[in-house]
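Each of the two complexes below includes chain A, the first together with chain B, the second together with chain C.
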Partner chain A sequence: MNIQLQKNDGLTTATLDETRLDASVAPEFKAAMEDIILSGNNQLILDISKLSFMDSSSLGAMVAVLKQIGGTGKMVIIGASGAVLELFKLTRMDRIFTLTSDIETAKQYF
Partner chain B sequence: MCKLNINSDFSEVRLGSDLLQEFCAKHDINVTTQGHLELILVEALNNVVEHAYKENPEGEILIELEKAESKTVMKITDSGIAAPGTVLIEGSDLPNENMLPEGGWGLCLIQALTDKIEYFRYPDHNTLVLTKELAA
Partner chain C sequence: MNILIVDDAKDMRFIISSIVKKLGHTFTEAVDGEDAWSKLQADRFDAILCDWQMPRLDGIGLCKRIREHDFPNYIYIILLTGLSGKKNILDGINAGADGFTSKPVNLDEIRIRLLAAQRVVTLENDIAEKNKALQEAHDRIEKDLKEAASTQLKSLPDPLTEGSIKTDWFYKPAIYIGGDTFDYYKTQNGCFVFYSVDISGHGISAAMLSMSLQVSLGLKRGLYGGPVTRERLEEIPALFASNLNKRLLDQGSAHYLTMLFGIVDMHTNKIYFVQAGHPHPYINKRSENTILPLEVNGFPVGLFDGVEYETQVIQMERGDQFIVYSDGISENNSIINNEALEGKNLTEHFDKIKHLNAKQMNEAISTQWLSQEQIDELPDDVSFLIIEFDDPLNNNN
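Presenting the complex of A and B:
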């Protein structure tokens, strides 16, 4: 699982360098994100702009990550588009996650 | 018609996606519809792997894709156990974050994106037929 981390002003941007998230890699994604959070990165921007496909098991992994961040941390997702954004909307998870189109807008949530 | 046999393993589901991409390119199906078809197909295949075969990778799944007039028909055949009744997710209240579901959206998504769902249980296999009308 390729996730690039960049830290700036107390914010961590995790860029998912994958084009597809599905059931075969969802557990790996979840574990990688849990490691990132446990390393002290709980003010998190997750950039998924490279994703062109994501299934519901991967969405479940993202929900687990959101739960792990909990009330003291925050995660904003940027770059969901096309079929990926539609998955969030169809499951109504667009009302649960904070979704933005760009990093500057995302920063305003912290 | 495009056909492919895969094993009941999550890592093989993406082969179904590859087949679908070839199918959509061949029939000039637009990107939005292709995205819907891929989500339907992947969720249905995930369900077969998880529920029909209980993640036993030795099971076989046959995928058949066909374009008939203005619709796409996707058939998925497996020799696993029969599917249980379908479940619709309803309601509008937002749950507490800690109570959020981490799964169970598969059937809901298939139902939302598919125009016709048929399920046939034969003595030794199951066939799921998913039909989606294509926009003019």
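Presenting the complex of A and C:
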């Protein structure tokens, strides 16, 4: 699972360097994100702009990540588009997650 | 070890066999490669001590023949070599020999070569035994899964023609058993209850949850908040999703699900349904000659506590179709245009088959959209449930 981390002013940007998230890699994604959060990155921007496909298992993993960070931190997702954005809308997860199109807008949520 | 000694010279066979015997092994003698070959068919040998040059079939020829043949155990081959030079050793190794011993033979050297042979033979036998155990375990699991698949398939309802409705479906799990399921039944007061469910993930645990849900979803009390009466049709779908959401969260299940649950009032041909994260259903409107997805969204079941669900109501007419499916189809490219069967492409595919009846439509999906190879190795479960409408029942029914 390729996730690049960049820290700036107490904010962590995690860029997902994958084009597909499906049932076969969802557990790995979840574990990698949990590690990132447990290492103290709880003000998180998750960049998923490279992602062109995501299935329901990965959506479940993303919800688990959101729930983990929820109590003490915050997570904003940037770059959901195409079929990935459709999945967020179809499942109304666009109402649960904070979705923005660019990093400047995302920063305003912190 | 049981050793085959192959040499055309009688005195050499005598010397080698006395050494082998002294080292505590059993042995058989052969006079050349061909003779050795027939003895290999009749008995099991762990190792061969074999001369290089012999009439009929020589040592190299015998090596090659042994390695090409599929013996149940590994046979360790030691070639006796009077010939010197790297070229010969290389030929021997290429032909499949494991070790060499020089002539004239002596006890110490044969002892060392046979020790090496023993080590390899033990290792090979050990691996073969473990492979056999693994193969048996694999076969047993596969057999179990196949039986489970057949049980799961049998639990799905038969195509049905009842009242104002006709149903037909296509169902194919990714690996024997799947997390997709659906069911329907007719109530005594002229209603038709149906659902299509996709448990997140696939495989055994998703399939078990899907089977257990199929049992509990059919039990009307509890999840339905009371009996299915025509007065409650607008209330039931949303309440059902909400109750199931609470139940899954209370159970602390590792899975969640997407679902489309609905009830058809067969007296009016109105569908009351809740869309819980399931793909947008398609509506085939005969009078308008259109087949389009109904873009209603909803929360999946079992992810968040207290989320709200809404019942949607649509009117169907004679000849119309309501098509419910899981998202597994979107992970496949159509064999028609090699593009993913999702979004606009999926709509265009449906548009080409919109004149077909439910049964023909499912056949087209499984034969014109997907190849047999794709169906045999689906990345996710694929299911389609098509409900086709006739005239509504009159009030006397």
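Heads up, the rule we're going with is that the second predicted complex is superposed on the first by the 110 of 110 C-alpha atoms of A that agree within 3 Å, B and C clash if a C-alpha of one lies under 4 Å from a C-alpha of the other, contacts with A are read in each partner's own complex, and residues count from 1 in each chain.
Methods note: contacts are C-beta pairs under 8 Å (C-beta built on N, C-alpha and C of every residue); 3 or more make two chains touch, one makes a residue touch a chain.
What you see is a predicted model; the values in this text were computed from it and never measured.
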{"item": "Clash or fit (per the criteria above) of chain B with chain C on chain A", "value": "clash"}
{"item": "Chain B versus chain C as contact partner of A:I45, first or second or both or neither", "value": "neither"}
{"item": "Larger contact residue set on chain A - chain B or chain C", "value": "B"}
{"item": "Partner chain in contact with A:V63 - chain B first, chain C second, else both or neither", "value": "both"}
{"item": "Partner chain(s) touched by A:K89 [first = chain B, second = chain C, both, neither]", "value": "second"}
{"item": "Which superposed partner A:A23 touches (first chain B, second chain C, both, neither)", "value": "both"}
{"item": "Region of chain C that runs into chain B when the structures are aligned on their shared chain, from 110-118, 128-136 or 254-262", "value": "254-262"}
{"item": "Common ground on chain A, meaning residues reached by chain C in one complex and by chain B in the other", "value": "22-23, 53, 55-57, 59-60, 63, 83, 86, 90-91, 96"}
{"item": "Residue ranges of chain C touching chain A (in the complex, touch as defined)", "value": "198, 200-202, 255-256, 258, 277, 279-280, 297-300, 303-304, 307, 327, 330-331, 342-343, 379-380"}
{"item": "Residue ranges of chain A touching chain C (in the complex, touch as defined)", "value": "22-23, 26, 53, 55-57, 59-60, 63, 83, 86, 89-93, 96"}
{"item": "Chain B partner contacts - residues on chain A that touch it in the complex", "value": "20, 22-24, 53, 55-57, 59-61, 63-64, 66-67, 82-83, 86-87, 90-91, 95-96"}
{"item": "Touch list for chain B against partner chain A, complex", "value": "9-11, 13-14, 17, 31-32, 35-36, 38-39, 42-43, 46, 49-50, 94, 97-98, 100-103, 105-106, 108-109, 112-113"}
